[in-house]
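Both complexes below contain chain A, partnered by chain B and then by chain C.
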Partner chain A sequence: MTKDAVQGAAEEADQAQSKKGLKKQQKEAEKAAKKAEKQAKLAADTQSTDEDDFAKDRYGVPQMVQSQQKLDRVLVRVQKLTPEKADQLIWVRARVHTSRAKGKQCFLVLRQQQFNVQALVAVGERASKQMVKFAANINKESIVDVEAMVRKVEQKIESCTQQDVELHIERIFVISQAEPRLPLQLEDCVRPDGEGDEDGRATVNQDTRLDNRVIDLRTTTSQAIFRLQSGVCQLFRDTLTNKGFVEIQTPKIISAASEGGANVFTVSYFKTSAYLAQSPQLYKQMCICADFDKVFCVGPVFRAEDSNTHRHLTEFVGLDIELAFNYHYHEVIESITDTMVQIFKGLRDKFQTEIQTVGKQYPSEPFRFLEPTLRLEYTEGVAMLREAGVDMGDEEDLSTPNEKLLGRLVKEKYDTDFYVLDKYPLAVRPFYTMPDPNDKKYSNSYDMFMRGEEILSGAQRIHDAQLLTERAIHHNIAYFYYVTNTLVAGKIKSYIDSFRYGAPPHGGGGIGLERVCMLYLGLHNVRQVSMFPRDPKRLTP
Partner chain B sequence: MTKDAVQGAAEEADQAQSKKGLKKQQKEAEKAAKKAEKQAKLAADTQSTDEDDFAKDRYGVPQMVQSQQKLDRVLVRVQKLTPEKADQLIWVRARVHTSRAKGKQCFLVLRQQQFNVQALVAVGERASKQMVKFAANINKESIVDVEAMVRKVEQKIESCTQQDVELHIERIFVISQAEPRLPLQLEDCVRPDGEGDEDGRATVNQDTRLDNRVIDLRTTTSQAIFRLQSGVCQLFRDTLTNKGFVEIQTPKIISAASEGGANVFTVSYFKTSAYLAQSPQLYKQMCICADFDKVFCVGPVFRAEDSNTHRHLTEFVGLDIELAFNYHYHEVIESITDTMVQIFKGLRDKFQTEIQTVGKQYPSEPFRFLEPTLRLEYTEGVAMLREAGVDMGDEEDLSTPNEKLLGRLVKEKYDTDFYVLDKYPLAVRPFYTMPDPNDKKYSNSYDMFMRGEEILSGAQRIHDAQLLTERAIHHNIAYFYYVTNTLVAGKIKSYIDSFRYGAPPHGGGGIGLERVCMLYLGLHNVRQVSMFPRDPKRLTP
Partner chain C sequence: MPMYQVKPVFGDDIKTDLPTCMYKLPNIHAQRSASGCSEHALQNGTEVDPAFRDLEVRQDKIMRRLNELKAAVDGLAKTVTTPDADLDQTVTSLSQSPTATSFRGTADLDSLLGKDLGALRDIVINANPARPPLTLLVLHAMLCQRYRVLSSVHVHSSVSGVPAQLLSCLGPRHADSYVRQRFQLGFTLIWKDVSKLQMKFSIQNMCPIEGEANVARFLFRLVAPYPSDPALATLVDSWVDTAFFQLAEGSAKERSAVLRALNGALGRDPWLAGPELSLADIACYCCVLQTGPAASSPANVQRWLKACENLGHFGPANPLLQ
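After this line comes the complex of A and B, so read on.
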């Protein structure tokens, strides 16, 4: 589906770029090509003129893999290099993690994702002096194919994940050359905070990591974080699918701001303009009105908030849930908290390695949760805060520091890192929130917290078109009005209209994927759990 | 996470709306509220003054469900109403699909998603004349709670999914009132094309359906389509997870157009501007460079193409795959085709009901596929077309009609609706496509087709920074240049940089979810399989 794009790109570039610039580029390209040719020739010459080298076919830089041939060769995964493979001659493709020449030997650590193994090339029957030198000169992070004999070792190799074997290399070929100077060192990226300062070793600041994210993501810590994140999504979906939920896909380009007009990105849309969805809120509710009964979706949500904090992103992944209930929205709370508990249990049971790997660099207390989940009412929370000396009004929203303080108080009293705060003041919630039938100051709405930070906001929604209209007008949310049973005009007309032809009572919530991962792992910055984070100051890579 | 939004919305609305408008709105709201109150009073009066009605507590319109109480009542699913439940008194919540009064009886069909059951209220011990009248007057699509005795029927009820029982209603309460006039009728929405014309009955045109999508989605056809679509996503992910793939989340707001500068939506991003990702292409490749080895993602992709065809959307869902391979990109093709085959088998085995439901309205031949998947080379395809009388050049791209024709020729010759066309001309592919090492006119790239329409475009990608730079310059793709081994400036610098520190050979492809669903089901418009489609002319609902 990308064929047309190329031509279009060419046209756009034509306009944007002067002919002079183009010529310069072509010149540079020619220059680069010539240089590459020269280097290749040099490499070839070196090898072919060295007549003394009996091992000359056993190493080198072959042609770029361009699918010239289908090799039958089996490549063994580093993870599978165990004593059972001892004394077998095998092929492995891996990165050169480190290399260290030592007399007539060269020790390498070969890495494949989170796994690594020690390897050595030693001058002997299968390797020449030149071959050892070649191996020693391979740049770190290059990708190599090695043929090697697997040998058991007497003393465990503590520095590698494969501790019981090492590889005795008999052939080594470079599949992809890394440049000699890396913009940052992997070992600096995984050093625990603080250690760098004490020992005078470097740590890498976050912007440098993010600027070079492709290398930063290669660390054991990053590999563990994003494998765990993939697990959160899977656990979320599997739990809900088992509960009978249907996955939906909602549009991200929308004509009306779903959560109101502020904090919304504008998109130019042909001859008009549109917005980026701040949540799938209106659409997942429309699916409930359309009889899907229980729905979830996983997708990007966009917030044009100029907040440069540890927990705000302008684009993040929403795990959204919406479901019809029978008589009380606590049915919804139970469904969501049970889903969260299934996620926590799944992580605890299936991702222990990842949790421990992250813990090595970022130590934290194991995540605690209760079954069933603790539910406190807002007024109880406020009372606990007041008891702790906080001065706040009944209908006042919780500030971030107060949320955190309340998290600590709850942890002390109930020993849980996860709880629900129920029945928020109506005034601090969105227009579509169902008011509490017993007290107009409050609402049938809730937030959920992990380690004292909000990860979900949810509520019973108003399922009556007339009440919804009144609340929207009260909030000045849109330009429509309700005249004798007919909605006239208005940007969220199609949303309100959804409730005019029968709608069941329903509720739901939206979970921030990155926050769940960050807080579960006890990390302190949401950028660590976003592969390519977006904030007001970062749009690349 | 939506609390701040409300205030922002209020501010925005304040600016946008005059005070006069506000007053008008308030007046209208008050008017509407008064009217509602009056109606409620009237309803209450009617009931309470009707002293003769012994059944007056057995029906009515109770207060809106606002979570006033936690009822212990079990609601039985319509799907579970089988002869095993005979002679049990049960509660059901469902929509009034149809109602028909007949003397002292009222027959209703109660619907819950794709399931429905016949019910009746008859004047007798448990129901008064007034109650029957009340039931007969409930607007279609309203949601009701009924208490009823399940009774076996002697003759199968052919018009319902629950054919062996009917419900004898003893209580009936309206949970949500539908307005009396529906903008379109469900039975008109599911009528097979053409039938409307023959019998003089209405069919509903697509724009009317989409304008009233929430009702259109309630039909058995729509329910089946989107449950099957949910299944495609699940099968896609489960298959890949079992193959060891990791799910990734890639940013949709990007600083450089991933597929070139044309067809890209622009977003205002604080003080600068950005683009909406046309694909996760660059990011999934960066994940490969970052050692994730095999990745997939499911998410929206955006194309600002002003194409108003049956198969183009401006926003659709991409099922994307990228993986490192060993020696030949056919390893990638095999991985993708196997995934597709698993999806086809899963649909065939688990979604037969949905397939047949859709087939009732839109008849089509069952989808045929081979194992292993048929792979033809581009030159073979061109030869077949030429044999069929098509005049085209070797390096010419396939036009849509030629793609369809080739699909028919392939179906005739090989009896498959799914095949791969391999080795496209280099000239018609994106800049990051690996050239064929044996013939510079061609490339290591492929498309996959279902019923003669493209559903996937993919290739071996260039994993060498220098060659990638040369190809990008050749395509005028961006404003950068390569000087003595260092990339300077340029919008896709961070992408090209990803290949400078070791990158494995890799390839992949992007699948259009909606097209897969459309073509698998033999439908003819992609809007039928997009819940809330976006095209150049449609931004709502």
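After this line comes the complex of A and C, so read on.
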């Protein structure tokens, strides 16, 4: 009975299976049919394209450049594509900024640093339909090698920097492909803030930019900013070298904090720990005592300040100056302000293109200055602030809003964005500042301001070991051990020792490269001017 | 009750001579003694000695004549300093050094410019290097004679370069210039690309002053007050405006008309407004020489130009006129 049942069941199962099987087979057959159709279509298509593609060897993705061969091909810079080169066949390597197909034509914009040019692939005797399709599908930001004829255009191409010519492409090869989805779009990066909000188009916020710095740095604005920054450094070095200064390199791993213990980074140093230098102050001064007379140094400065503001970084580039003077520390002020004025003049005269480019995205007033630089005294500054309604004491330090207000008042009266405030009160300056000879409340120290923000803090330094020790004790700077009136040990002993063997009177100051660039261009955040900025919240890229 | 009586020591018939040079007060015991009334008559002025009155009148007359003589002598002293008077060398040599007393009365800075708040009172002048303001340079020299002035010259970034004489037009730097607090007044000249000359002083209380004529009026008031006679003050103002509008900026026809007017006015008086040098003379001198050399002006004008030069105030303007 069971056998029967089983058999019966088996039969039924068989039947069911066969039904399912039939259905399955049917489906598979359908699928196969569809596939065959597709394949046939593709085959037909490719057949047709193969038939028509006479330009097959004039485009494509060649092998990765692994230095297979050394071609003597001359690549022309996009910057040089002017009407003078009209009707020449040239090779260009650039990035594909945009590509747009329109029927039988494809318009490309090829970009190289700050310059871009329009290029055109059109179906004709040199290019086939497939080539136009290929060009339209190249991913943005890919690097391409293009052989093209330069042609003059009657109507200026407003959207490109090279407005008088366009390229008619004959050969196009993709040297390095970019991924199809970019983390951010370059047009969005360059869009000025206000415009984005109006049209509903996106602007990129700063964190995204900084996370994808490699792409963000390709924009015309970024290129212009960092070229200008390079110019500042160059002018700084040139001006000082012409004045007879010597460039020095100072150590950044030091044993004792110079400016004050709180804001230093600690590093482990074999069995002990050391600090990253907050400023090259001590070593600059030691060089002066070592008879170098006039020194400057360019190097990183590390400040462990937990300030998340628009103008603070934990690591930035410091441009520091120190020089010995003859009789009055104003000689130092004149030297430093003259250097700054030469830098401003150099930027004004040689970097106008870059300044205009930055101004397109971040418009601001051009930077104004006087030569010789305006020098006001601290008491004058306080009087001007009091006249404007601010209540402050004679020996009080200037707060940031007061500094900005004073900057506006000075700008209103003298029309300058750069000035020096001299004779600060002694109480607010570091221990190595020389006090004023006539008035104990004040000191021989000065600050320089650009657009109302401080860029340099400097002073005449104390060059007498005795006075320096007194001031250090007064400030509770370090622990001293005295044995019969001789300073034996202490954290800054080596610093004070350098003045015991004949030290000339000297003074100096230091500026931050990023802050100077930011204020010169009228930008609002120092991270825009630092390539890979470091702040309390950011350690990468 | 009868008390004992003492015989009077002094008889009451003695006459005393009271001095007449002192003033008299009414007798506070007047109720009791009616006999002292006669002495008050002199003080009340009801019966004044006629001889005394004559004396007063004569005194007044003499004082007035003395004042007139003094004025006449002062006027002569001014004309003596001009070379056309027939005088010998000794007198002209006196006039070479700038006379600090050619203006009556110095002005007090605090009353003119407001209370000193501890900051250097800095006058900032923005001028175009293509049109140097000679009048202001002359006034600057006059200011330096009266006050301790810290002068500085700057070049603004809107201008790429200025000739050396414009940089040194305010004279050599003061030895004390590194301490700004030691000066009473600051004079900062900025060579800038401006269409009109502009002066800024107190940004809280004053708007900027535009135009060389107006700035000249401001600076002149720091040196000496305007004449108190309104007619004379208006005359000064009208000559200043003529100088800057018609002489400096006018067409050739307007300029020759002004020179003729100057010639006429200077034929009558040695100076343009009043008996002594005023802002009108300073302004006209600078504008006349800016438009053409001295030799091409009419006779009276040439004589007056020489007189101005002899006063010595116009030294700073000369290097810029060449």
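We take it that the second predicted complex is superposed on the first by the 483 of 541 C-alpha atoms of A that agree within 3 Å, B and C clash if a C-alpha of one lies under 4 Å from a C-alpha of the other, contacts with A are read in each partner's own complex, and residues count from 1 in each chain.
FYI, a residue touches a chain if its C-beta (ideal position, glycine included) is under 8 Å from a C-beta of that chain, and two chains touch if they have at least 3 such contacts.
In this text the structure is predicted, and so the values were computed from the model without any measurement.
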If chain A is used to align the two complexes, do chain B and chain C fit next to each other or clash?
fit
By the touch definition at the top of the document, which applies to A:E305: first (chain B), second (chain C), both, or neither?
first
With the two structures laid over each other on chain A, which partner does A:P372 touch: chain B (first), chain C (second), both, or neither?
second
Let me test your reading of the model: by the given contact rule, A:R218 touches which partner, first (chain B), second (chain C), both or neither?
first
In the overlaid three-chain picture, which partner chain does A:K413 touch, first (chain B) or second (chain C), both, or neither?
second
Scan A:H328 for contacts with chain B and chain C and give back first, second, both or neither.
both
What's your read, chain B or chain C touching more residues of chain A?
B
What is the contact status of A:L89 with respect to chain B (first) and chain C (second): first, second, both, or neither?
neither
Closest approach of chain C to chain B (Cα atoms, Å)
8
Just to be sure I follow: which residues of chain A are touched by chain B in one complex and then by chain C in the other one?
328, 330
Within their complex, chain A touches chain C through residues 328, 330, 344-345, 348, 367-372, 374-377, 379-384, 386-388, 409, 412-416
Contacting residues of chain C [partner chain A, same complex]:
117-120, 122, 124, 126, 152, 154-158, 178, 180-181, 188, 190, 192, 200, 202-204
